[in-house]
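The data blocks that follow each hold one structure.
In the two complexes that follow, subunit A is the common piece, with subunit B as its partner first and subunit C second.
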Partner chain A sequence: MNNIIKKYIPQILAILFVVLIFGFLTMNAQTNMDNRGIDFGFGFLSQESSFDVQFSLIEYSGSDSYARAFLVGLLNTLLVSIISIIFCTILGVIIGVARLSSNYLIKNSAAWYVEFFRNIPLLLQIFFWYYAALRALPMPEKANAWFGATYMTVKGYYIPSMVWENLNVFLYCALAAIISIIVLRNYANKLRDTQGKQIPVLLYSVALLIVLPLLSFLFGGVSLGFEIPELKKLSKISYIYEGGISLPPELIALVLALSLYTSTFVAECVRAGIEGVSKGQKEAAASVGLTPNQVLKLVIMPQALRIIIPPTTNQYLNLTKNSSLAAAIAYPDLVLVFAGTALMQTGKAIEIVSITMLTYLTISLTIAAIMNWYNKKIEIKEK
Partner chain B sequence: MFKIIKQLTSVVAMFAVLFAFSTETMAAKKSKTLENTKKRGFVRCGVSQGLPGFSNADESGNWTGIDVDVCRAVAAATLGDATKVKFTPLSAKERFTALTSGEIDILSRNTTWTLSRDADIGLTFVGVNFYDGQGFMVRKGSGIASTSEFKNGTSVCTNLGTTTELNMRDFFDSKGISYEPVVFEKADEVVAAYDAGRCDTYTTDKSGLAAQRTKLSAPDDHVVLPETISKEPLGPVVRQGDSVWEDIVRWSLNTMIEAEEYGVNSSNADMMKTSNNPAIKRLVGAEGELGAAFGLDNDWNLRIIKQVGNYGESYKRNIADTGILPDRGPNELWTKGGILYVPPAR
Partner chain C sequence: MIQTINFLKPNRDNIKNYSIIGTFLVLVSLIDVISNAFLKINLTSFLPGSLTTLFPLIIGLIGLNMMRIDYSGNKKLDLLNKNINTNNFNALLTLLILFSIIKALPQSLSWMIFDATISGDSKDACTGTGACWTYIKVWFRRFMYGMYPNEFHWRINTAFILVIALGFVGYFMKDNLKKYLALYYVIIYPVIAYLVIYYLISGGSFGLQWVETGAWGGLSLTFIVSFFCLIFCFPLGMIFALGRRSNLPAIKYISICYIEFWRGVPLITVLFMSSVMFPMFLPEDFFMDKLVRVIIAITLFEAAYCAEVIRGGLQSLPRGQYDAAKSLGMGYWKMHIFVILPQALKLVIPGIANTFLALVKDTPLIFVVGLAELAGMLALAKTNPKWLGFAMEGYIFASIIFWIICYAMSKYSYNLEAKYKTER
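Let's turn to the complex of A and B:
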């Protein structure tokens, strides 16, 4: 009996304490809001927002609701986070491996890169890329064409947009290619486990990815055209490009700053992961006759990834949360559009800030869940 | 067992602290902003992060501007000393939360009086100290002379969290022009981006355009277009629920405007005590008991005029002499063709 009391009473009291604190905070906020004549409610979400947003992945105008403005901000946050996560991973792996290189120059420049970008506050880097780029980039009418038809200007990066015909046929073919690659991989693994045979999966996969969609062009009636941006005069001295897709300089500066900054941390995770695999593993693998490529792929990487994934997950989470600094350079992310303009226009501070916090929490938990799943998948399975 | 009792008592003690705290907040609710201000010894005033003519700090941290003068007038009236003000620079986004949460007691930050702000979010506007309207600034070389010459795809730089964002949407929508809003949190960032060529035009209140133009690298290369696309009555704001404080701020501002109307200024205020005009005598505290209604002494308005000056002096010192807007336009007294008209102080 005494043991049960000892075990449960403190826990029950702790829970009660937390509940009471939350209850008190809510009541306190409620009384203060009542005193100041502020209503609480989420009805504003369906009202007309009556402001415009610079850049949106979905159709949006001022006559849409605040809920849709929220969605616009959320998608912009996800866009900048996903692009930056991809770039920082690629860059991070390259730099991380480079730091382990035996070449003096490569090793040291990688180390300098990491020390430099890691130790300057992110907000400063964002301002640097934004204002430095703005000052350095040409006005639209003076821009030179890159890769034939893309223009990097002070008002954004203009690229041709794709005009598809029978896009669905192409997508089916791409899907078929991906499914056959998965099947092929499973078959290859089975073959390796049962008969010890190796087949070049990567080569076949690339071939499949190219050939199947190519067939859709030849026989499926798929065609792809490009709409090329064209210079248009706004006034005597100002021009823009019309047609095609425009990537605003705010997005580019933000992706640059976030990727360069976070890639240093990813690089350190990668380095730690590879160095964490004992040298004996490599030597043992080589002594049973595996090629250096196989040693890296089959012995080193599977063990290194287990060390790399958890801290890298943290970096992805940080990157996503850091993307809220976007507001400083006018990139219309969740914080600028929803916790900024929408909050100001409605005055619903508590509602909007709680929605925004919950949204970031959800994004972070989702990323963590995906990475945990991947980590589970690659961890050592005792047989 | 002894350990459990110890744990229990500590938990009970924590609850006791919690409830003591909550009853205290209940008591604080009754106290008036004025009492707190007197106890504290200074007026807490929210201003802009630097808008020349309205609220701007110099190198040594001295705030000047017509918005600043409203807070100084309240300090002169309530505490007897116009310098006893603590200024808190706020971004457009932070300003209302700072006021409703009680961090400041007056928000005097070129804030537009609108229905939804007045009625919805626990604020009360007490008057208008500057009649403004939204305009556009463009580069002189563009040859644009009127807003009707804007074309589809014009990029527009402006501030976050202002009525500006809503007005420009109304404006471009009604004209059927598609535009690219580029919205920054701080005014200095808007200026920098516009200066770098990111935007074709910069929009905000016309007084703001005139003031910010001075911060551009080549101010003379830019011009403010003649059209005004909105009404922007700017004025001080207080928290809802303290009507005495609301009245003090309202009548401090009104006193400055009425003093100009009756020709009372900082240098002749003392002499005006012997004026033949009862309205003037009331204005300098020589007749009537006007201060008693707010719980102030009878010299409250005399102190405002002596220490801060009348509205005309404040305008001249902050806006006209600094070259921002030498012409008073609508901000002239109603007796001189403007629309400044305040209820009589009697």
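Let's turn to the complex of A and C:
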């Protein structure tokens, strides 16, 4: 009896507490909404949004629905996150390895890089790039070409866009290359396990990746042209570039700040991972006659990656969540488009804020679930 | 490839001559770069085209190559070789880093110091090409205290000094009172601190004029928000950490849901929630100050992170501690209060310090709901028609301040970590 009380009373109390809180909040919301004449519902999603978004990956205009505005925001969030993740990984790996360098100057520069960018709030960094650094760029008419055909101006970064003919043939070829690389890898692994033979998989893969798409250019009728941005005069003093792709300064500032900030954390993960592989592993691998490259590829990296990947994914998740700071500089991401403009227009605070939060929650939980599965898979299986 | 180039290699017999020539070449390359950067004199203008820019690099590389030897017996030379000159690739990186530092120095120094203005009290004083620190000087009080009336700034200062002093009471407590230390910090201290800040900064009684929270701002608001969030999120986080490790399924899953929910959403949406959604959930005619709402939102948010940190500490305790406590006949609460938590909390101090660091770095975000702490004041000052065009100075100033705070805190937490590591 005593046991049952000890077991169930706290649980019942806890559930009661949660139910009471939720009940209280819902009741208040109900009365508040009744008083203000707002009704609860998601019907507004199909209504016409009648606001414009400055930068969007898909076709969008004011006559589209709120649901499409949501999609525009989500895609913009994903775009900035993915670009930043790529850059922060590259930077982070370089800095992380540099921190382990034997060179005093490199080691310390990397350490100071980490200390510097990690200890300044991300929002300030975004503001710095957007309001201070990027505003110092030249006007379109005075911009010099970078790499021949790209223009970095105060109004954004203009790059040539690609004009494809028979793009699908090219894509099929690329897909074929990727599939054949996977097959080749599996075959190579099998060969190594059964016969102990090594094939230079990397070399073959690179060759496949280059040759197959190249063939599509030669025989598949694929051609690639570039549309180069050109300076156009709008009025006496106002110029603009036309053609090509323009990356708005908001996007550039965000990518810069997010990738510089997150790269410091990635660098720490990489450093911890490489330091985490014990020296004995290296020595043992060398003593069974593996070459330094093989030691790195077959012994160090698999073990280091096991330590590096989980915290790094966490950082990617943080980056994705931090990308919501975009709203502060008016980059049309999910928060600005949906929780900002759409909320202002419809006044549906509860629905919109919960949709926004649930979206981020879904992204986080999905990645976390994948990560858990991956961790289970790569766990060292002890016999 | 680059590592195996093998010419002009010194050996132990000729290292003396080689190292002298090598040092000379490296010095020449450095002098060339320095004169280029500081004096704007191009010593190598007689060389054709791109060779002019590459000249110091090539000369430096040859010089370093000539100095490189496994063991020379000369301590300084060996130290140099070991640290910055192990192979050609390293030597190249060394030179590149040195050159880029030298190249960047004169520009940034002259902008920040030599050409900068600090005198005067209006924009007209800033005529030079350098930074305009006058702007910071004029706006300094606003950046620190927001729109809080100038004559009452002593109230904020006094409140902070009092709160800090009360925080240090634990160090001077007598031994027989030490057992109440946890009680003091978890319950009494937050209450006293709240009262101090409420009566001193808000005012309204004791003859102090009422200052509404909308006028609070600047760095002091950052401190107030982070302080309250820290002291409230810690006990809350502890409850959820214990809840997550509970054997009772209902409590366990409620805690997991809570923690995973807050950890899965960005802070900015939480702040949006606190400003637009929260008022809908409150009873009619019930007014809650915006600052209080923000502090509640951040506290709920950070409590989830705190809970995970504390859970880490609880998990790292050996099972034997639990078993020993149980075998002494202790119940759940007794066991946790007297055996588990004192040990676990000691372990998680560095983790908590890191959470706090993240919290301080997150506070500028309250700017999105219209509370003007440092970043918000900067945005305000930037758009002031009398002071247009000084965004750079403002953000550099704020970055330096935040950097100092965060760097000091991270060093402190690192020290704590090192301290507690050795004790176990």
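Quick note on the criterion: the second predicted complex is superposed on the first by the 346 of 383 C-alpha atoms of A that agree within 3 Å, B and C clash if a C-alpha of one lies under 4 Å from a C-alpha of the other, contacts with A are read in each partner's own complex, and residues count from 1 in each chain.
Simple rule for what comes next: contacts are C-beta pairs under 8 Å (C-beta built on N, C-alpha and C of every residue); 3 or more make two chains touch, one makes a residue touch a chain.
No experiment lies behind these values; they were computed from the predicted model shown.
In the superposed model, A:P292 lies in contact with neither subunit B nor subunit C. Applying the stated contact rule after C-alpha superposition, one finds that A:S102 touches subunit C and leaves subunit B untouched. When the shared chain is aligned, subunit B comes close enough to touch A:L20, but subunit C does not. In the superposition on chain A, A:G43 makes contact with neither subunit B nor subunit C.
When the two complexes are overlaid on their common chain A, residue A:G221 makes contact with neither subunit B nor subunit C.
Contacts of A:K236 after superposition: subunit B is touched, whereas subunit C is not reached. Within the superposed three-chain model, A:A349 lies in touch with subunit B and with subunit C [touch as defined at top]. Residue contacts after overlaying the shared chain place A:E115 against subunit C, while subunit B stays out of touching range. Once the two complexes are laid over each other on the shared chain, residue contacts for A:A29 go to subunit C alone; subunit B is not touched.
Shared interface residues of subunit A (contacting subunit B in one complex, subunit C in the other): 10, 28, 31-33, 35, 131, 135, 327-328, 343, 349. Against subunit C, the residues of subunit A that register as touching in their complex are 7, 10-12, 14-15, 18, 25, 28-29, 31-33, 35, 101-106, 109, 115-116, 118-125, 127-128, 131-133, 135-136, 321-322, 324-325, 327-328, 335, 339, 343, 349-350, 353-354, 356-357, 360-361, 364-365, 368.
Residues 1, 4, 7-8, 11, 14-15, 18, 22, 25-26, 29, 92-93, 96-97, 100, 116-117, 120-122, 138-139, 141-144, 149-151, 153-155, 160-162, 165-166, 168-170, 172-173, 179-185, 189, 192-193, 196-198, 200, 239-241 of subunit B are the ones touching subunit A in the complex. Subunit C contributes residues 82-84, 86, 90, 93-94, 97-98, 248-251, 254, 260-261, 263-270, 272-273, 276-277, 279-284, 360-365, 367-368, 375, 378-379, 382, 391-392, 395-396, 398-399, 402-403, 406-407, 410 to its touches with subunit A in the complex.
Against subunit B, the residues of subunit A that register as touching in their complex are 2, 5-6, 9-10, 13, 17, 20-21, 24, 27-28, 31-33, 35-39, 50-54, 62, 131, 134-135, 139, 154-155, 232, 234-238, 240, 242, 248-250, 327-330, 332, 336, 340-341, 343-347, 349.
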